[in-house]
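Quick notes on the structure that follows.
By written order: A, B, C, D, E and F. Residues from 1 in each chain.
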């Protein structure tokens, strides 16, 4: 968290099978399965609608207006990773564009989550390289000051440790600690088990009030109907 | 406005024919026709481009981080309604997702306008269930505290009474009080009457300066041309 | 900058050939070529994805909630221009819609850049008239107070003089002073010269660390690798 | 709510004795007494610390960048009133300064609540004329477009009808409908009845957990203590 | 505006007598006297209430998270100057603290206007060194990348050229171009000429409606009174 | 980080002597001493100017609009602690007022840092109970949903573990992990060692350019002076 100028080369990544399964559930279900924790702030948005990604986090801490460490983190990417980039201060500059995306993709990255801005978004979209960011900006950056790679970082309000599972889609970005991946997957599976049945009932006009047995607790809480 | 824990079951809805006709004009024209009043703040955005809806308001007041009352309001929906959801405090949580959308749709709802966040936006888009919100967020909510249904609410800066006409599209969300619906419709029709003619003139290169006879008032206001 | 109620009719426009060539590079490259200056703030966004435009600036200074001068500026548009609209105070009202767009397009405008709101965005999108704005809002405006046309303005944090080159795309809006257009074009061309080669290398797995010879300066700056 | 260009001269004001008593409780207590409703959004701040005011609302609806109606509302002020100013669109201009404050004060106004900006704040502070606003700005306004006086308005997210009770202090601005004033006062009095006793207990080290008997419900909710 | 890495040593400063006289009027009056132009955005706030300053601008363009050029600009300060600092991108870091304030003060600076953050605000307040900024933050900066000194800059939405008059107080920050200083001063003096008389009338209960002869134009605009 | 409904009773607090010494340096110096890490976002502001506090963190995770856990955390406070409160979603409600402050103070708390709103700020100021918050709001909260006490939390962008050192003043809020407290203190002391000497030199007119030997590196970076 507090080391500058270091690159950790060996990190323990969450199991790739768990990652894939969690990714299939999507952020909303995984978020509920983790007890409504682990979600990044909602200003993190995909640069194009329909983006979806899941992977293991390689983290990078950047300095304001400086993308030097994105070149350093590229070397640490392994197939199946998602790069999670935090900045030491609020910044909307365009740290990342099509050349870095080409490099990240060649290394096997599944996407980028960055608490700052990106650019070349049309090309990134064409490349189908998914990115979640807080801004889009053509503003370029310098390469002058060190940050770190693969230390724990706070990105958009969420703590991310190297190797954590990242699940991202139109609804936002979830962080599942590697140690909670299996438990969260089980909870997600349990939660989804009878979703189809519920959906069919609701589509048939059954009310959630009845399906979830809410009428009694609502009445106890004092709800009054007035004609 | 100030009753908690109540559900009004009988509301007077604006005439469905007026609703349909106002909807056909779109928010910008209806807004002008109402004397430039009645528009929600521009942070209310459709979750996908091209969304359009018109309906009668059923209102719901929610508590921060708590979507219990969305299940209560579902029962009050009649075909042609749009649910308008306000929150007692600023909140971006994802109060609404695909299951509630399935239920609302089954009840005949034309859409949702919510001064908070929603989730499952990809599925909502596929379902063609139009939603206007101030945020998109996977953050889930609890079911613990009462609000109210079908009381007047302030949603995104606009007062909405149950039964009011809601017109929503890419440009925002308009509220037309039921009592002003006919008058607003007449004004909208008058305003649009010669729109086609105006558009044709402008397309042919005629200037608004001339078409609207602005040159004299501009000169009187002191406008000077410098070569 | 500080004259109200004036319209400058004769402005010196940047060379149209330079405009076209700069436009072909896009904002990110032009921004780098100008030494990372001249970019508007990133809250300026295209109203639809994929928008691209380049042109010479005709400028207009508007008053809050008042679009009178947009009719005045229409007359000053020449084919190849982009209208750049600033407001004397922060305002998100919808100053511009499909009728003005029809007029601007008929005059040969390539697009609009406005530090305020616009409306009728669905029609504008269908018309393929590109607009960059800070808001979308159905809120209409009055026609009561003078501003100015073709004076230097500050738009979204950037100084724009009449005749400057505007390059706009998904990544934002760049302003290139007419006097710097050739020099910026040369720098952009030089920068792009071996982009293809770089991209190919990166795609083949070569790291930016090696391609840009960053390892030594990183080491000198104190970067440490930990296994 | 939706009438432009009208001034209602006769409004029914809440009883001045109720106003004074509600004012003495302050916004936080009055807010609780009204069931946690009626509070303006927290961006409304006093221009100087320690400001306090209570009065009956005279309302004014302003246009963006235009303070003409503040002169119209001045005539409608009676001793004990607070002016509540809404704007038809978001605006931070400085609508109000020392001359208008002198006039409002001479008419007996207790203060101003404005969903926009004010200026001359040093003089206003010296005059001890309390103001709650969303911005401070030297930006001046024009006098060109009509609004209305003494119609219901939405100000900072709260509905305000002419004659309502306004209570404002460092914690924000509360609106109590005239019809709820007595009931709210009673609830506030009941709430405050044993505040002194509670404060003494807490000051002596008694925990809220015990004083409010929270331990059992917390345990039922599943709270676990870990040593 | 677009030169990086340059320091202009010889700038033409506005006349110090004009500066003093403009400063005595305050920002609101000077703003009106300049035709309601030249004001920085209202997010620029003094770090303590009651701050007042007037001076000639020495300008500096900074890079995000980098305060190197503040040391360069210190050498260019002459007694009576105010440093105006812009940043090439949005940044809230604390660029300036008590040591730089000591240096600036020793050089004769009247204050600092910075479109970013500052720190050590308690000491700055004790030193009576006035500062207007958009943020307060303990976040420090690096010294790695060049900006420029005494080029025209856009600061908080206003163009500032070296030598311009800066007037700043509780209401915000005004920029008066050196060439407009005399004319603006004359207009300010004319505006203030009978302010005392106006204030006395208003204090005596005369209405602005009558003092400014607004009743007839309001009636013409259609204002209706309803009893 | 991810446990809900738990209260850790035994936490390892940083040494009180280190806390006092770090507090004496203030946030700006401690921030530099920790390598420019550990600062909360600058939206966290003291509720009154001049506030200062240092203590060991007891942490609490709250739900939106729900302050139940503030009563739970009160019991865990020991003399010298500062309560650090995070919320699972963005919320500006007034979670904390004079009664809770009385209780916290009685338990020996040095202050409160809360990523949400507080109320009763006038009384809190009179009580000299220092609070840093992101908002001031009279909006009350419910007591319905569990959070946790003394788990690691992310508060205003910073990771806070129970027992960490918190240093807060007008410039913001710093978090020093207990394990880094001694090292950070040493670095702060070294940094401050010759501050007095530096200040005296700068006050005497010596330039930072010379005192820090910046002229050569600036020249190497390409800085040019133009007469």
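Definition applied: a contact is a pair of C-beta atoms (placed from the backbone, for glycine too) under 8 Å apart; a residue touches a chain by one contact, two chains touch by 3 or more.
None of the values given here were measured: they were computed from a predicted structure.
S.K.: Could you work out which pair in C-D, E-F or B-F copies the interface of A-B, where over half of the contact pairs coincide by residue number?
M.R.: E-F
S.K.: With contacts defined as at the top, give the pair, D-E or B-F, that has more of them.
M.R.: If we tally the C-beta pairs in contact for D-E and B-F, the bigger total goes to D-E.
S.K.: Look at both sides of the chain B and chain C contact and report whether the same residue positions are involved, with over half shared, or different ones.
M.R.: different
S.K.: Measure off the straight-line distance from the CA centroid of chain A to the CA centroid of chain C, and report it in whole Å.
M.R.: 31
S.K.: So how far apart, in whole Å, are chain A and chain E when each is placed at the average of its C-alpha atoms?
M.R.: Inter-chain centre distance comes to 42 Å.
S.K.: How many angstrom lie between the CA centroids of chain B and chain D, rounded to a whole number?
M.R.: Between these chains, centre-to-centre, one finds 27 Å.
S.K.: Going by the contact rule already set, what residues in chain D reach two or more other chains?
M.R.: As it turns out, chain D has residues touching two or more other chains at 36, 88, 90, 92, 139, 145.
S.K.: By the document's touch rule, what are all the touching chain pairs in this structure?
M.R.: Taking the chains two at a time, the touching pairs are A-B, A-C, A-E, A-F, B-C, B-D, B-F, C-D, C-E, D-E, D-F, E-F.
S.K.: Write out the stretch or stretches of chain D touching chain B in their complex.
M.R.: 1-2, 4, 34-38, 41, 88, 90, 152, 154, 157-159, 177, 180
S.K.: Applying the document's contact rule, which stretches of chain E touch chain A when the two form their complex?
M.R.: Those residues of chain E that touch chain A are 63-66, 88-93, 139, 142, 144-145.
S.K.: Where on chain C is chain B touching in the complex?
M.R.: The contact residues of chain C facing chain B are 5-10, 48, 68, 71-72, 74-75, 92, 94, 97-100, 102-103, 105-107, 117, 119-122, 125, 135-140, 143, 145-146.
S.K.: Under the stated contact criterion, what part of chain C meets chain A in this complex?
M.R.: Checking each residue of chain C against chain A gives 26-28, 31-32, 36, 39, 42, 45, 49-50, 169-172, 174, 195, 198-199, 202-205, 207-209, 212, 214, 218, 221-227.
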